[in-house]
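Note sheet for the following structure.
Lettered A, B, C and D in written order, each chain numbered from 1.
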C-alpha cells in the first residue's frame, strides 16, 4: 500500500466513521465529534491529493456484481489537484459547521449526510472509470440533497428548493450518463483510458462532448442549467452552501476538464466556441443577477455562476485556441481557468462562511436589513472583505492573478507569430475580453455592494445592531480561507506550476515561478509578481503613514454621532442607501435583460391630486431564464399530467381497448 | 513588430540598468506627479474660470487646499468604521502606484512589475472601490447614491477600458505599456492608424468616466441629482478629504500623462541618461498640462449628460473599442 | 370415406364456431348469448372429436369429451342458471349492432391475413381453418371491449378462450391432455372467480353493470 | 450429487401448500400469520440451495417437468427474499385490519399458494406449465386484491382478473403457436430446454407470431404498457404485503417468462423483432408512468406507476439483450426488495393516517419519523441512488443500450426517467417534508395541555437526544444555545405579535408518551414525533441492506448473475 492507496482507504474509513459518529453520538458532542472527523477527512483528502499531484500512483479496487469492469479509484495528477481543492474546502466547512450547525442542521441525518457528501465529493476525482465516477457523483448528490433538507420543518421554501435541486442534479446526471454511454458504446470499455481512444471529431465524440458539457455545466451552475442555484444555496445551511459552491461545483469543472483534457483532448473549433458561449453567457448573466440581488446568499450563489462561467470561458478559449495550434495561449487559458477555479474555491468558501457567520450573528441575510457589522464582527468583516476582493478580482488576491492570466491568454490568443490564427478566434477573443471586462466591472459593483451594505455604515435593523462576533471555531476557517485567498494571490507561481503539472503530461504549459513567487508565462511574454507590487505599495505607503501619524498627534480624529448628515438633520438609518437602491441604476441599464417587475402605488393626501402622502414601490427581479424557459415547460408538463389522467379514467372498457389495440398492432406487425 | 522579451528578460538583473535606473525614474515620476497633480487641477480650474469670465483662484489654490485640509481634524460618524480613514489612504496609494508604474517620464520597466495595463487598471480599480466604500461608510443617502452611481459607471467603463488596451496592445504584441509606447515611438505610423485612433477615442472616453469628468460627472457640482464623485466625499473631512482629493487628482494627472504619451510618444526616456530623464520629466509635464488645458476648454462647452444616458455613451465607446480590436485583426 | 368428409366436417365445425361468435356480437340478449355459447362449446367439442378421429388418437377424443363437458354443458349451464335469476333484460352495448358486425367482418379479414402469413408453411386442412380460431379470439375480445354487463364480459372471455382452443387444435392437434386439463382448470377457476365477483358486485351495487366500476382512476 | 439437491425443486411447491393448509386450519391468528413467512422462508431456502447447486454446475431436474438452472435458482431466491420482506414486514397490520375474520385464514393461505405458484412458474421446464402457474397466480391474487372487500377492492379485482386473464390467454395463444412450430422438431414439445437450443428447424413465421403473442400476453402480467391498466388499481387496493408481492415478484416472474420466450424466438428469427417490440413496450411504459406520475395524488398508485416504470426499463434491458441481462436480473432483485419495502411502509402509513392521498398526509418526517425515514431511504433506492443496486442496474442497462446501438431508445428513456424522477421526488417531498403547520389550515395553533415548560431532566439522555425537528433557525438558536437540549417545541404561528413574531422557544418537554392518535386528533399542535415503525423494522432494514450490499459482491452474486444470463444466451 503506497501513500495514495492508503490515503484513499483512510478517506473511505474516515467517511464511514464520520457517518457512524453522526448517527450514533448524542447531540451534546455530535457536532464536535463529527465535524472534527469530517475535517480530518478533508485533511486526508488534501494529503492524498498532494501525493497524487506529486505523481504518486495507487489504486483502490472495488469489485462489482455486474459483469463490468470493477471500480478503480486512482487519482492522477489532475484528480489530485481537484481532490486537494475539494478536500480543503470540505475541511474548512466542517470546522465551521461545528460552530454554526444548530437545531436541525446538527441532527444525526445532517451530520451523516455531511460525511457522505464530503466523502463522495472528494473521491470523485479519483475515479478512473465511468461507473465509479457516476457512483461517487450520485453519492455526492444524495448527500447534498439530504443536507439541503435539514431545515425543512421550519421553512417551506426548502420544499421547492429540494425539488429543483434533485431534478436539476438528475438532469446533469443523465446528461453525463448519456455522454459516457456514447463513449462507452464507441470504444467498448468503461475505463477512462479506453474512452480516450475514441477518434477525434467522429460523431460519437461530438455527441458525447455536447452531452457531457451540458451535464458538467449543470453541476457547475452554468446558464441555463443554473436555475437550482438561487433557490438551493440560500436554503442550504451556510456551511453546506459553502461546500456546494466552493467544492461541489468544482466537480463539474473537473468533469469538463476530464472531457477536454483527458478524454477528448483534440476537439474541433466549434467545441471551444460552444464552451466559450456557454461560459460567457453564464458569466454575464450570473453577475447581472448577483449585482441586483439583495439576499447575501442569493448574491453569492449567482456570483458562483459568474465565476464558473469565467472558468468555462477560459476552458473554451483553451479548446478553441488549441484547435488552431495556438498552444502557448491555449495553455495559458487553461492554467488561468484552473487558477480561477482554485481561487474561487478559496474566496467563495470564505464568502459563504462569512455569510453564515452573519446569519449566525443576526439571523438575517437580507442586505437591506444589515449594516454596520464591520465594527461588531471585525473578524468576519475582515475575512469577508478580503474574500470580496478576490471575488472582485482585485490585486493581491488569487482572483486577480487568475483573471489577469486569462486576459493575457485572450489577447495573445488570436495571433500566432504575427499571423491571425483564424477569423473565429479573432472575433471570439475580443468578445471574450469584453465579457470578461463587463463581468469584472459588475463583480466590482456587486461586492462593493455586498461588503459596503452589510459591514459598513449604520445598522439597518435591530438584529444587525446587536450582532456579536462568532465563536473561534467559526473564525478559524474564515481566517484560513482569507489567508488562502491572499496567499494564493501573493504567491501564484507555485500554484500555477502545480496546475501546469496537473494538466500534463500531454499538455505542458510553459509556466514558471519568478521573483517573489510570481508567475511568468514565457510563451506569451507575460509576467506578474504580486509580491513585488505589495512591496512597492508598502514603500509608497510609508510617507503617507508618517504624515498621518504626525497629523493624528496634532489633530486626532473626532467622532460625532452625525457629523455632516448630508446637510440635513434627523438622519435615520433607514434613510441610508440599501442594497436594492444601490443596484437600482444597474437594473435600469439592464432593464431588457433583467425584466424587473415594478409596482408603484401612490397614496394622495386627502382629495389632493398633487400632494402625496405615501409612495409604495416594489421591484422584484426574477430569474428570466426560469420564468421564460423553465416555467412554460413545467406548466405544459403539469397540464399534460392533468390531461393524461383521462387515459386512466377507470373504465375497464378503455383498458381492454388498450390491450385489444396492442393485440391488433402486434398481429399486423407479425403479418408484415 | 512583436517586441519579444522572453523568459530570461523577466529574471531580475541586478544591474544599474536593470534596477537602479528604473527605480530612479520611478521616484522622479512619483515626485513629479505629486507636485504636478494639484497644479494640473489648478490650471484646469483657472482656465475654465477665465473662459467663463471669472478671475479664478489661481493655479496654486489646490495645493493650498490640500495643505489646509491636512492640518484639520477629520470628523467621523459614530457608526462608521475604519473604512473612513483607511479608504482615502488606499485611494491615494493606488493613485501613487499609477504614477510609479505608468511610463510617464520614460519607458524603463521596473523589474518583475512591468507596466502591464491590466495590472494598472486593477490597481486603479482598488482606488475606485476604496472611494465607493468610503461613500457608503458615511451612512448617509448621498454617500450611497454617489457610490452606487460611481460603481455603475465603473462597471460599465471596464469593457471599454480593457478592450481599448487590447486594441493598443495588438501592434506591440504585449499589454505592457512601456512596450506599447516604445512601439509607437519606433513606428509612428501606428499612432495615426485608424485602429489606433478608434482605440484612443475609446480610451479617452473611458478615462473621462474613470476620473469623473464631464460629461459623465460634473466635478464642480453639488447638486444632488448630478453628483457622483462629490457625493461620495461629502462626509469626509480633514485629512481624509485631503487624501481623497489628492488621490483623485493624481489619478487624473497620471492618466492624462499616459494619454499624452500614447498620442505623442516623443520625449519619453527609453535609455537611461540624466538629460533624457529631465527631458522626459519636462515633456510629460508639458503634455499633462496641455491636455489639462484642452480638457478644461472642452468642458466649458459640454453639459453633463443625464445619468441614464451615460450607458449609451459608454456603449458607444465600447463599440469603438471592439471595432478597433477586430479591425486590427481582420484589416491589418 | 372419412378422409373425404374430413375437410367438410372441419369446415362445418369451424363455420359453426365463427357463426356463433358473430351472432353473439349481434344478439344482445343474455339468454341468447348463453345458448350460442353452448352451441359453440358443442361445435368445439365436435371439432376436437373430428380431429381426434382423423388422427386416431384416444387422448384427443378424451379431450373432446372434456371440452364437451366443460364448455358445451357446464359453463353455459352455470351462466344460464344465474342469468335467469338476475338479468333477462337486453343490454345496450357500447357499439351499435351494425358497427359491431362490420368490425367482426374486419377482424375476420385480419385474422385471415395474419394466418396466411403465419401459417404459410402449413398446408394441412386444419391449418386452413385456423383463421377461424384467431377470428374468434378477436371477436371475443371485441365482446369484452363492448359489453357492459359483468356476465357479458365473461361470455366474451369464454369466446376468446374457445378461439384459443380452436387455434390450438387446428394448428397442432391439441396439447397434451395433462396440459389441457390444467388449462381448462385455470379457465374454469377464472370463470368461477369472475362469477363470484359478479355475485359480490350484485350484492354491493344491486346490478352488475361494469360501467359503475369507475371509482379507481387517476 | 445432483439428485441430492433436486429435493429443493419440490420443497418450494409443497411446503407453501402445506403451510397454506395449516393457515386454513390453525385457529390461532398469531400462528396462522406465520404461515406466509414460513412459506417465504421455504422458498428462499430452496432457492439458496439451488443457487449453490447452480454455482457447482449442477442443474437439478425432477421428473422432466421441473428444472432449476442458474436462472431459475436465482429467481426462486428472489421470489423467496421478496416474499419474506413482504410477509414479514406485513406483520404490522395492513392487510388484516379490514378483512372479515372468517376470511383471515384464507388470506394467509392464499399468500402461501401464491408463493407456491410463483415458485412453480420459475422452476417449471415446460412453458405450458409455466403459463398455467402464472395464470394460477391471477386466481390466487384475485382474492388477495379483493381482500378488503370494499367496492373499490372489488372493482380492482374485477379489472385485474379480466385484464390479467385476457392477457394471459393471449400468451397461451402464443405458446400454442410455438407448440405448433415445435412439431418440426419431430415431436411437439413445450420443454423450454429443448426449444431454446439453437439451430432447431422451426417455422420462423409461427415462432415469430407465437413469440410476439406470448410476450404481449406476459407483458400484461409484467405491467408493461399498454397492457398495464390493471396494475395501478390492483396495487393500490391490495393489502400492502400483497402489493409488495405482486409488484416485486409477480411482475418479475412475468418478465422472466418473457425472457424465456425471447430466448426461443431469438434462436429462430434473431433478436430484432422482439427487440423492437420490447423497446416500444418499455418506452411506452416509461411514458405512461411519467404521464401519470406528474399529477399523482395517491401514494400507493404512485408506487404502482413506479413499478410500471421499472418494468419498462427492464423491458428495455431485455430488448438490449445479452449485455444487459445481468443488469436486468439484478434489477429484478433490487426493485423487488425496494418496492416490497415501500409497499409495506405505505401500508403502515395508510393504516395510521387513514388516507392514501398525499395531500392529506404531509409532513410525515416531522410527525412520524419512524415511518418516514424507511420510506425516504427506500425512495432514494427506488429512484436510483447508489449504493443501492437499482443504480447499478440502470447504469448497466443504459450503457449496454448505447453499446447495442439503441441510442435513440435509451435517450428517450432518459428523458422520461427524468420526468419520473422529478415527479417522484415532488410527491415524496410533498408526503414527507415540511412542517405540519404547512399542511393545516390557518387555524391558530394552541399549546397542548400535555406540554410542561422547563421540565427537562438533565440526566435524561435518551430523551435529551431527541432532535428539535420543528425549530426554525432562530428558534433553534434560542433553544439550543441555552441548554443544549430541546425536547419538543410548541410553535406559535405568525401573526398578532408584530412583524417579527417571537416564537415560544423554551425547553419544553412532552410529559407523557403520546398514543398514536394524538397527532391526528390534536392537529394544531406539534406533539412529540411518533417514532414507532408500526411493525417490524428488521425486514425493511434487511431488504435495503441487501439492496445496498449485493451490487458489490462479485462472487458469488456476480458469478450467479453471469451464469443466469448465460442461460438466456447472455454468455460472454
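Observations, loosely collected:
Here is the rule we use: a contact is a pair of C-beta atoms (placed from the backbone, for glycine too) under 8 Å apart; a residue touches a chain by one contact, two chains touch by 3 or more.
Just so it is clear, the structure is predicted and the values come from calculations on it, not from any experiment.
Set side by side, C-D and A-D show the greater C-beta contact count at A-D. Inter-chain centre distance (chain C to chain D, centres taken as mean C-alpha positions): 36 Å. Our note on geometry: chain A versus chain D, Cα centroid distance of 39 Å, whole angstroms.
Once the centre of each chain is set as its mean CA position, chain A and chain C turn out to be 68 Å apart. One finds 73 Å separating the Cα centroids of chain B and chain D. Listed for chain A are residues 644-645, 648, 650, 652, 656, 659, 663, 667, 670-671, each touching two or more other chains. The residues of chain C that reach two or more other chains are 114, 117-118, 141, 144, 210, 213-216, 218, listed in rising order. Across the assembly, chain B contributes no residue that touches 2 or more other chains.
All chain pairs that count as touching, in label order, are A-B, A-C, A-D, C-D.
Residues 155, 158-159, 162-163, 166-167, 170, 208-209, 212-213, 216, 220, 225-227, 229-230, 232-233, 277, 288, 291-295, 326-327, 330, 363, 365-366, 380, 384-387, 389, 391-393, 395-396, 398-399, 401-405, 407, 410-411, 414-415, 417-419, 421-423, 425-426, 429-430, 433-435, 438, 461, 464-465, 467-477, 479-481, 484-486, 550-555, 557-558, 561-562, 565, 572 of chain D are the ones touching chain A in the complex.
Chain C contributes residues 114, 117-122, 137, 141, 144, 150, 153, 157, 160-161, 164, 167-168, 171-172, 175-176, 179, 182-183, 186, 189-190, 193-194, 197, 200-201, 204-205, 210, 213-216, 218 to its touches with chain D in the complex. Contact residues on chain A toward chain C in their complex (touch as defined above): 644-645, 648-653, 656-657, 659-660, 663-664, 667-668, 670-671.
Residues 26-28, 62-68, 70, 102-108, 130-131, 134-135, 138-139, 141-142, 149, 151-156, 158-159, 162-163, 166-167, 170-171, 174, 177-178, 180-182, 184-185, 188, 190, 359-360, 363, 637-638, 640-642, 644-645, 647-648, 650, 652, 654-656, 658-659, 661-663, 666-667, 669-671 of chain A touch chain D in their complex.
On chain C, the positions that touch chain A within their shared complex are 94, 110, 113-114, 116-118, 134, 138, 141-142, 144-146, 148, 210-211, 213-218.
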